[in-house]
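Only one structure is covered here, and it is reproduced in the block below.
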Amino acid sequence: MFSYKNLAIPLVGLAAASLMSLPAQAENGPGVSDKEVLICSYQPMTGKVSSYFRMGKGADAWFKHVNETGGVNGRMINYKMVDDKYEPPRTKNIVKRFVERDKCFAIVAPLGSAPTVAVIDYIVDNKVPLIGAGTGAAKNVFYKSRYVFPLYPPYDLEGTELVRFAAEVFGAKKIAVLYQNDASGKTHLAGIEVGLKKYGVEMVVSEGYEPKEVDVSSQVINMKASGADAVICSCAPEPAAKFYTERKKLGWDVPVVNVFFGKSPKVPELAGADAVDGVYFATIFREWDDPNPQIQEAKGILAKYYPEESPDAVHLWGFTGAQVFTEALKRMGSGDITRDALLDTLEGIDQWKGSVVPVVNIGEVGPDDEAVKHLLVPGMSYVQYKDGKFNPFAPPWMK
Amino acid sequence: MASHLKCEEITVRFGGVVACDGVSLDVEEGKIVGLIGPNGAGKTTLFNVLSRFQEADAGEVYLRGQPVNKNSTSQMVNLGMARTFQNINLFAEQTTLDNILIGAHHLCAPPLQSMLWMPQARAVERELTDRAVEIAEMLNLESELDNLAKNLPYGLQKRVELARALAAKPEIILLDEPVAGCNEEETEELQNIIARLNRELGITVLLVEHDMSMVMSICDYLYVINFGANLAQGEPADIQTNRDVITAYLGEEV
Amino acid sequence: MLGQQILSGLATGSVYALTAIAVVVVFRNTRTINLAQGDFGMIAAFLGILFIKEFDLNYYVMLPLVVLCSMALGVLVERIVMRPIADSDWLTLFTATLGVYYILHGAAGWIWGRDTKAFPVTFDAEPVDIFGALISQGHLINMGWAAAIGIVLFFFFKYTKQGIAMRAVTDDPETALLMGIPVRFIVLLTWGMAGFLAAFAGVLLAPIVYVSPEMMDEVLIKGYVAAVFGGLYSIPGAIIGALMIGVAENLAGGYLGSHFKTATAFVMIVVLLTFRPQGLFGIQKRREI
Amino acid sequence: MEQRTDADIQDQSPQPTKWDRSAIVRLKARFERQNWAGVLFLLACAVAFPMLPGVEGWQAYTVALVIIYIIAAQGISVLVGFTGLVSVGHGGFLAIGAYTSALLTKYFETDIIIGLISGGLMAGFIGFLLGLIFLRLSGAFMAIGTLGFAFFVGTVVNNVPLFEGREGISLPSNKVMFWEIGDIGFYYVSLTVLALVTLFSYCMVRSSVGRAFMALRDSEKAAEASGVNRVLYRTIAFSISAFITGMAGVLNGHIVNYISSEVYGDIWYSVDILVAVVVGGSAVLMGPIIGGIFVVMLPFMLEELADFAFILKGVVLILVLIFAPAGIAEVLGRPIRNMRARLLRQAGYGGREPAPAETTSVAAAPSQTEKP
C-alpha cells in the first residue's frame, strides 16, 4: 500500500548528502543539502476552487526559472506541489508526509484558508516555516508564532479600509455589500461592520452568494432596490464579473469598490470592458502591464513555463512567496542553512524591492506576537479600471 | 364449529372498477374452504382484503370474531394467519432455509437482542432452525435447504412458499392458487400435503384455485364469486350441479 | 419586486427544465439517473467556444454542430459504458454515470484548463421591460428556446414513429420488444436526445454562468430535483417542476436571504416526497399482489 | 465470539438436534471458522502495522483515513446492501457526528470516546427521523430525498452561528480519558471502532434482523406477509446506518482537529462513500473494506496527475462496474465460494445451478415499470 521507494529516495538522498558534506561539519536543516533545498506546498489542483491553483503555478514558474539560471548559491530548489483538492483531511495527510517523510525545509506559497487552518497547528508544532500561504483568514494571519509568514493582510482589515474608501472617495452614506458566504466573505463583513462605526456609514443591505454560485442577478436586484449610494463588492472574479454585467443591465450607475481577491483581468474579460469601466479595485500587487522590470520578468517567466496561462493576480501571490523565499536563501549564503537561520534572515528583509510587490518589509515577531507583523505584503493600494486597463489610483489619505 | 375467518359485505373499488361488491364469506375452523370463480371475479382482491394487503372501501373482516380492519399487514401473522401468493414471491437471493426462517419472523427474539446475539436470541434461533428443517423435511425440501430460492424449479418454489407460510405456526392459512402451473404429479403431491396439514396440524385452509378436480376432491366447502359478488356456496357436490355456477363458467368460456 | 423575482425565477427555471427533461427521458427509458447530463452540456459549451473562436464560425452554424457533437457524445456513452451493464440494478447504472461524469470533468479540465472562460456570444443588449419587471435578453432568449424545444418534443412524442416507439418502451419495454420495436435503437436514441438537450442547456447557460468544468454542477442537481418533483416519468411534470423550483428559489433568495436559495429546492423536494412519495405528477400504482 | 456463543447454547441443549447432525452444518461451521481465521489474520496485521520498523505517524494517519472511510462505507452498506435503499446523503450523518463531537469537545472538553458515542447516537436519532420521513420512498426518489437531507445539513452548518460556518472549529489534540493520543493512538482508536462495527454488522446480518432487512429488500410484500414490520425495520436500518456513519464523522473531525462547513457542506463525501460500497461490493462485509481503500488510496496514488486523475478514476470506476458488477469483493471471493460450493455438493447439499430463464419466475430485479 505504501511505496517505501518514495520513502527511500529522500532518505538515501539525505544520507548521501550528509556523507558528502561531512568535512564541513554539516548542520544543514531538514530537506537541505549542498545541492538542493526541498520545499513543499499543497494546492487545489482539482476540485471546486481549482482556478486558484494559479498561485502554485506562479511559484513553480519562478522556482523553475531559478533552477534554470543555476539555482541559489549552488543549490537547486526542489519545489514539490501536491493536490489536496481543498479538503482539509487530505491537506493534513499531505503536510504530514511533507514533514515526516520528505523532511521538507519549509512550506512555501500553499493555498487555501480552510486547509491552512487545519494544518497550521501541526506545521508550527513541528517548527516548519510557513511562508506566503494564500489565506486571509484571521485565524492564520493572527496566529501567534514566529514560523508563520502570512502573504497578505487579513480580510477584516481590508473590509474596514474599503468602508473608508467608500466614505471618503465616494462620499457614500448608505452602502450595499455583496459578499461570498464563506470564511473570507464573513471576515470581510466583520471588518466592514467596524468600518461603518468608524466612518459613520450605514449599510442598507448585505447580500451573500454561495461560493460556487455565479448567477447573482437576484442579489443585484435587491441591492438596487435598497437605494444604496455605493457598493462594496466582496466577490471572487467570476461573480464579480456577473455583478458588473447585471449592474449595467439594470442601468444602475453606482460607484463600486472591489476587494483585492476579486481583482483580476478575468473580470473585464468576462463581463465586458464597458461594464467594469470606472470601478475601483483594491490591490496588493502591481499590474501585469506595469513597466516595472520585476513584473515584466515575471510575465516572461510565466509565459515560458506555463504558456497556456493568462496572467492573473493569483499568479503574483505565488511569485511573491517564492521570490521572498529565494531572496532569503540567497542571503543565507552557500554555507549550512537551518530553519532558524531562515526565520532570522526573513525577518531581516527590509525595504527590499526586488520582487513583484513594490516593497517587502518583514517585521520581527516575538514569542507572544501575532504573525501579522510577518506580512509579506502589508500595504494595500487601489486601481481604477478605465479605458481597458487598470490605472493606479491614490485615495486622499495616501497622497 | 366456530367461525375462524369471516368477512361481511366487502366492497373494493379501483377507480371506476368495482373489484368486490359486497362479498361475504365465513370459513369454519378446521375446514378446507375453497374460493372459486371465473377470471377477474375478484378472488385475489378479496384474498388481499382478508390478509390486510388491500384496504376495503366498505365491509368488515373478523378473525375468530374479532374485527381486524385496523391491523397492519405484518400483524396478521401474529394473529395466526399466513398466506401464499399467486405469483411466487420468494426472497430470490436467499437460501431455502432463510426463506423458511423468515416465515417464523414473528417468533424471533426482539430486534436488539437478535442483533447483539444475546444467548436467549441464539437459542430461539436454533429452535426455529430446527423447526424449519422439520418443515422442509415434511415438504421434501431438505436437500434444497442451502440452495438459493431463485435457482429452484417452479414446483419447488411453490413448496418453499408453502413452507414459509407454515413456519409462522399459522392457525389459518390462505393459499392463492397453490397448484397453478404445476404438473399432475406436483399437483397431487401438494394436494396431499394440504390435506395433511389440515388433518394432522389442524390448520384451517382457505384456498383460491382454478384446478376444479383438485378443489372438488380436497375442499369441505366452497364459495363461488362472480363479478365481485357472491354467486353460490355449499358442499362441492352441490356446487358441481349449481346452474348459476355452470352458466358463469360456461358463459365465460363461450 | 415580486414580479421581477418571479420573472427571473422563470428564466432560471427554463434552464433547469432542459436538464430536467433530459433526466426524465433517460430515466424512464433506461432506469438511469444520468449524472453526466450536466457535463454533456459543459462539453457542449466548451465546444461552442472552440468553434466560434478557433474556427471562426457564426453562432447559428456553431449551434447545430455543437448539437450534433453532443448527440454523438450521448450515443457514445450509451454504446461504450451503459450497454454492457444495461441489465444491472439502478445503483450500478447511477454509479456508471458518475464514472462518466469524472471522465468528462477531467477531460475538460485537462484539455481546456480550469480557468473560467467567457462565452464569446452574449445577448447583453438593453433588458426588456415586461409589466415593470426587467429581464435580460439572454434570459428571454433562453426561455424562448426552452419553450420551442418543449413544443418540438411534444410533437416528437405525439406524432413521429420514433417518438411513439419511445413512449411504448417507457410504458412496457418487454411488450415493446415483442411488438417488434427495436428497443436497443430506442435506447440509443434516448441518449442521443439527452445529448441534444444538454447541448442547448450548455450553450444557453454559458453566457450567464461562464464556461468552466464546474459550470453545470448546480444546474444538474436542480434539474434532477425538478425531474423528481414532477414525478420522474412525466415531461410536463419536469417542466412545471423546474419552473416552480426556479421561482421558489428566487423568491427565497429575495425575501429570506440568499443563503437559503440553494437549500430551497431541497426543502421543497423533501416536503413534497414526505407527503407525495411519487412526486407531483407521478402515478401511485396500486400494489400488485 | 461466535464459537463461544455456540458453545454456550450447546451446553443448554444436551441433545444434539436434527439440524446439528446434518453434514451441512458441520461444513458450514468449518467455513465459518475459516472466515474468522481470515478476519483475525487481517486484524492482527492491522494491529501490528504501526509497530513495523520504518512506519511513521503519517503512514498511520493515512491508514486511519482509509479506516474512517471504511467505517462510513460499512454504515452505508447496511442500508444499500441489506435493505436495498440507496442514500446519497450519508455525508449529512458524517457531518452530524463530526459537529456533535466537535461542539462537545469545544465546550465541555470531552474526550474522543464520549464524542464517538454521542456523535453516533445523535446521527442515529436523526437517521431514525429520516427513516420515518422517507418511509415510502425507494430508488431514485430515495436518492434525491437523502441528497436533499445532505444539502439541508450543509445549509444549517453553514448558516447557523453555533457551527461557525466555513471558518470552522479548531479542536484541541485528541484525548482518550485525559491521555493525549498521537497519530498511532488515533489509528488504534479508529481500528477499534472499525473492528466493533464490523463485528456488529456481522452479527446483525446473521440474525433475524439481517434476515428481515434482506426480506424487505427482495420482496416487500412477502416480507410483510411473513410478519416483518416494514416501518420498524426500515427505521432500524436507517438508524444503525446513520449511527455507524456518524461515528465515522466523529473520527473524521478529530483526525484533522478541525471541522468546517467547507468540508461537510459538500455532497462529495456522500458520493464517495456510496461509490466505496458500489465498488467494493455491498452485502459483503469485505466490500466496504476494499471500497474504502479504493476511494481513499486511488486519489493519493494519482494525486500528482491532477485532472488526468479524474479521467483515470472514472475509467477505473466504469471498468469495475462492467467487469465486477457485484463489487470487487465478490470477484475476489469467488474462488473460495466455488470451493465451498464443491464441498457442499460432495456432501449432497446445494449446488443447484441457476435454472433456465423461463423457470425462474422469481424476478430478482425490480421491473422497470415499478413505481414507488
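Here the chain labels run A, B, C and D in written order, and each chain numbers its own residues starting at 1.
One rule holds for everything that comes next: a residue touches a chain if its C-beta (ideal position, glycine included) is under 8 Å from a C-beta of that chain, and two chains touch if they have at least 3 such contacts.
Owing to the predicted nature of the structure, the values given are computational and were not obtained by experimental measurement.
Taking A-D and C-D together, the pair of chains sharing more C-beta contacts is C-D. Closest to the protein's overall CA centre, chain by chain, comes D.
Put simply, the C-alpha centre of subunit A and that of subunit B have 74 angstrom between them. Subunit A and subunit D have CA centres that are 40 Å apart. Once the centre of each chain is set as its mean CA position, subunit C and subunit D turn out to be 33 Å apart.
Once the centre of each chain is set as its mean CA position, subunit B and subunit C turn out to be 48 Å apart.
Residues of subunit D found to touch two or more other chains are 158-159, 221, 306-307, 309-310.
Annotation for subunit B: residues touching 2 or more other chains are 53, 85. For subunit C, the set of residues that touch two or more other chains comprises 106, 109, 114, 259, 262, 287, 289. Contacts from subunit D toward subunit C in the complex involve residues 80, 86, 133-134, 136-137, 139-141, 143-145, 147-149, 151-152, 154-155, 158-159, 221, 271, 274-275, 278-279, 306-315, 317-318, 321-322, 325, 365, 368-372. Partner subunit A is touched in their complex by these residues of subunit C: 1, 4-5, 8, 12, 106, 109, 113-116, 118, 122, 124, 126-127, 134, 136, 208-210, 212, 214-215, 217-218, 250, 253-254, 257-259, 261-262. Contacts from subunit A toward subunit C in the complex involve residues 46, 48, 50-51, 53, 181, 207-210, 212-215, 217-219, 221-222, 225, 237-238, 241-242, 245-246, 248-250, 266, 269-270, 272, 308-310.
Of all the residues in subunit D, the ones that touch subunit B in their complex are 1, 5-6, 8-9, 12-13, 17-19, 22, 24, 200, 203-204, 207-209, 211-212, 214-215, 218-219, 221-230, 232-233, 236, 344, 348-355, 359-364. Subunit C meets subunit D in the complex at residues 27, 31, 33, 81, 84-85, 87-92, 94-96, 98-107, 109-110, 114, 171-173, 221, 224-225, 228, 232-233, 259-260, 262-263, 265-267, 269-270, 273-274, 277-279, 282-285, 287, 289.
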